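The letters A, B and C name the chains in turn, as written, and every chain counts its residues from 1.
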Amino acid sequence: MIPHAIAAALLDAGQKWPGFELHPESASTIADGVDELHFFLTAVTLFFTFVIFTVIFYFMVRYRRKSEDEQPPETRTYLPLELTWTLVPTALCVVVFVWSSSLYFQNSRAPNAAMEIFVVGKQWMWHLQHPEGVREINELHVPVGVPVKLTMTSQDVIHDFYIPAFRVKQDVLPGRYVSIWFQATKTGRFHFFCSQYCGTGHASMIGWVEVMSPDDYAAWLAGGTRGETMLQAGERLFQQYGCATCHVADGSGRGPSLAGQFGKPQKLRDGQTLVVDEGFLRRAITQPNSMPLPNYAPVMPSFQGQLNEEQILQLIAYVKSLAGEERKTKGQ
Amino acid sequence: MADAATPTPHAAEHAAEHPSYLAHHFAGIDQQFEAGSLGMWVFLVTEIMFFGGLFAGYAVYRHLYLPGFEAGSRLLDVRFGAANTAVLIGSSLTMALAVRAAQMNRRKALILCLILTMLLGAAFLGIKFTYEWSHDYEDHLVPGMGFSYPGPNAPAIQLFFCFYFFMTGLHALHMVIGLGIMAVLVWMAARGKFDDGYYSPIEVSGLYWHFIDIVWIFLFPLLYLVGGRY
Amino acid sequence: MSAAPGAPAAARVDYLNADYGIRSWLLTTDHKRIALLYLGTITLMFFVGGTLAVLMRLHLIDPAGALVHPDTYNKLFTMHGIIMIFFFLIPSIPAVLGNFLVPLMIGAKDLAFPKINLLSWYVFITGASLALYSLVAGGVDTGWTFYTPYSSTYSNSHVISMAIGVFITGFSSILTGLNFIVTIHKMRAPGLTWFRMPLFLWAIYGTSLIMILATPVIAITIMLVGAERILHVGIFDPALGGDPLLFQHLFWFYSHPAVYIMILPGMGVISELITCFSRKKIFGYSFVAFSSMAIAVISFLVWGHHMFVAGQSVYAALIFSLLSFLVAIPSAIKVFNWTATLYQGSISYEAPMLYALGFIGLFTMGGLTGLFLASLATDVHLSGTYFIVAHFHYIMVGGAVMAYMGGLHFWWPKITGRLYPDMWARIAAAIIFFGFNLTFFPQFMLGYLGMPRRYATYPAEFQILNVMSSAGASILGIGYLIPLIYLIWSIRYGPVAPPNPWRAKGLEWQTPSPPPTYNFETTPVVTEEAYAYGPADSAEEGAHG
């Protein structure tokens, strides 16, 4: 592939002169596609710049003023030329737009089987949680060749999670979940950066993605600081904060049973229907009265401020796991 | 003017060709009038964009928090809102009559209509400040000044009132400025500055006044009538 | 004029010596004096903003930060952005060159509303004073983009005073734009139809449309941020029930058209310079004129391209991406038309022309790098990095500032009645061109490599490119100091300028240098099209006045 070859050549050059790299690492499945478009645009830029510079330079020399009374000929408009240099750039733009948009569309949809990791950005560090319970700060261990989906939120202001080598970036917002996905293509250590200004420590909110072979990753996971898995933590919080009091599994409590609810559509009192996804659950925990349900009194208290974003993610992991419980309750 | 010589014939000619209300940089009274008119229309366009930002924010949050916005709207007193609407429409009528009076060179009618417009405008502000806003303050519905609402949807209601006070406050500020403009016009009319050949300040101020009225016509249903049952 | 024939030239009264004393300046309604009031103010703001930039670049020589604490660095880039954008770039060409030239170019005695013009300057310096106060009181650290909830809830800096300063200054923009629109519509001299107007006026007109339509929206947005900060109501802070993305939409709805406020007038200047210094009518007049209008209109439809990774929907992103590509087309049309104007021309290389040619080259590069950012797939990688910084500096500095310098030099004899030393001007132009490229080209590379912007410290592998950029910045700084010196020098010691030293077309050149207060003795009548450089040229100077 041409872009791969160019990238490799530039990388080589960069290695020869450390500190003067010309090309970032390409370490994900989408990197080559993005680079291909980038090189094309670079070529277009250089081409048109070269053409304009050359033509101007040529005119500057050829038509330089030789005497004060010389009379340039009349300027005649020439419509075909005007139309050409209007339509050709337009066509070029449309081509690039179509190419770029389809690439973007393709790159934005996570494969279904992606393994999930949960990220909370806060001033000025990144907390990353693996479902198995391992937690990291400013480091992200992932296996190579496996699609990984990051579900992210911020504890405070807007941050941004950016992994240059993977060509992925996403603003991380407080109050909602956003997600990106990537599949690493080689092992190694790659920077990640916060790239949305967030205050004093914005430039220190950086870390490393550590891509390992699947075996090494499994070993790392197993040997990691043991504690509860996210699911276990969520279950503990569910009891600790009294959720179980109202959300009884068989539906006999003051609140609805949560068994099997994740992923289903839910009608609200005002008529609109929403899917019970992570964002829904987060809002239900922090602003329950903004989404009253048809058959239940709006008496659920808000847990905003009592639970931090990581705890909310753990609760959500627990609620997700209740999918299997549905069969049990239906049978009764 | 920095003329080295100021001969008397020029001064006389000056007075004849350049009425005192014609500014020196204009080629003629028509150009001045058209420029003033266009200037006011352009200014009103900027005002539309100014209020437009608030309307856009209102639209977004109303979509997101409809129950809260409806509840907040029901806490407003529609009777006062309706009364204010009638008052403002009336003031636009008197303003239009003022312009007409100026066109027909009827100075007393002009001054009367301007004063009526001012009275109606003041009535609007009076109703707003004394009946509406002061009661809202007593009921703890003013964000940032001891807002508290015991029922459900309190944050959305607070947001509603934030927009309510911003939008009606900005509107009221424009009314106050309008009253100031009216006062100046009354003073100028009393001094005989207007006649049927020159009344563009009245016309142009009339445009401003009608604009303020139209903004209110949008504000009233969006803020007062959203809640449904009243 | 009033001087009797045969009287010495020194007795001629012009707008500069028509009246003396500070009152005659501070209470003037003469558009030309107001233009000079603006010139002084924005020059001051330019050098304040420029000093902040120099400090930033010195700091970035070292990956760990050479000069200041990160908090201070964050304030430096914030204040640099706010001052350069709101207090230099947006007013520069419209308030200085526009105020001076619009009445002259249309054959009028003044703008439609001279007192409002003066008011706009007072409003401007009030806002600027608040901005400078915020700077010395400790600065603002939110970034010029004031993203919430950082600016509305978390920042501990002087956000409110700065916000008020920007809010107030916005009205200066609105009043200026209003004045220009009414003037161009209603006060053109007899015979000056729309399509005989110099393209500078088309550009100013387009700019004014943007000014009046977009600026009120930022005013409201700033008000809402202030309200949230002071009253703690949840408009943009999710913790209080607000939506941070709404802020971004409202902010960019103004700030994208604002960047066209900054570049369109520059394009207008270039049209004047290219035609004069190649002594040819512009190629494709109506295409250039309509392109100005197209840019003004389409500029309102592309704001979402600043938010491709912000969390906006994929479908919205697609629409904004397509429109962002389309907004590039009118600019491309202009570049091609300017280049074609040079064909078979009679080209000379005084400093204004060097700036104009530099503009075309650098604006082309800056504009084309915009395509990388309109393109969704590449923008994901480049957004929030130094690529963006390089892109907009190519347009703002390589484009707008070069156009401003070119225009300032071109009309300097008309404004001051003096000629500046052209050799020094050309040297400075060359230094600026070189320094500029050395400063900003490495930043394209830094961005592609992944270095985020607004970083007070950075990984060591980025150092060499940063040092190159800082070296360029020092050279650029020197380049800007040179004109400051010789232009001021020329006011007193420069040779006296004739009415039309460049033998240019345009009604402004039909007046003495400097013009009298009321511009024209009798209203000119226009009988020929713009840029009527041609066979009749050497004998007669065009319009009959």
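We take it that a contact is a pair of C-beta atoms (placed from the backbone, for glycine too) under 8 Å apart; a residue touches a chain by one contact, two chains touch by 3 or more.
Remember, it's a predicted structure, so these values are computed and weren't measured experimentally.
**Student:** Measuring from CA centroids, which chain ends up nearest the centre of the complete protein set?
**Tutor:** Central by C-alpha mean position: chain C.
**Student:** Is the C-beta contact count larger for B-C or for A-C?
**Tutor:** If we tally the contacting C-beta pairs, A-C comes out ahead.
**Student:** How many angstrom between the C-alpha centroids of chain B and chain A?
**Tutor:** Result: the chain centres lie 47 Å from each other.
**Student:** From the C-alpha centre of chain B to that of chain C, how far is it in Å?
**Tutor:** Distance between chain centres: 34 Å.
**Student:** Distance between chain A and chain C based on Cα centroids, please, to the nearest Å.
**Tutor:** Using C-alpha averages as centres, the distance is 35 Å.
**Student:** Two or more other chains touching the same residue: where does that happen in chain C?
**Tutor:** 241
**Student:** Would you mind listing the residues of chain B that make contact with two or more other chains?
**Tutor:** Within chain B, the residues that touch at least two other chains are 65, 155-156.
**Student:** Can you list the residues of chain A that touch 2 or more other chains?
**Tutor:** Within chain A, the residues that touch at least two other chains are 287.
**Student:** So in the complex, which bits of chain B are touching chain C?
**Tutor:** It is residues 1-5, 23-27, 31, 34-35, 38-39, 42-43, 45-47, 49-54, 56-57, 60-61, 64-65, 143-144, 155-156, 158-159, 162, 166 of chain B that touch chain C.
**Student:** So in the complex, which bits of chain A are touching chain C?
**Tutor:** Contacts found on chain A: 18-24, 33-34, 37-38, 41, 44-45, 48-49, 52-53, 55-56, 59-60, 63-66, 69-75, 77, 81-82, 85-86, 89-90, 93-94, 96-97, 99-101, 103-105, 107-108, 123, 156-158, 160, 162, 164-165, 167-171, 173-176, 178, 191, 193-204, 206, 287, 304.
**Student:** Would you tell me which residues of chain A are touching chain B in their complex?
**Tutor:** Contacts found on chain A: 269-270, 287, 289-290, 292, 298.
**Student:** Once bound in the complex, which stretches of chain C touch chain B?
**Tutor:** It comes out as residues 2-4, 13, 18-19, 103, 108-114, 174, 178-179, 181-183, 185-187, 212-217, 219-221, 223-224, 227, 230-235, 240-243, 246, 250, 516-518, 523.
**Student:** Touching residues of chain C toward chain A in the complex: what are they?
**Tutor:** Per the touch definition, chain C meets chain A at residues 70-71, 74, 141-143, 147-150, 153-155, 237-239, 241, 244-245, 278-285, 287, 309-311, 314, 317-318, 321-322, 325-326, 328-329, 332-333, 335-337, 339-349, 357, 360-361, 364-365, 368-369, 371-372, 374-378, 380-381, 383-385, 445, 448-450, 452-461, 463-465, 533-535, 537-538.
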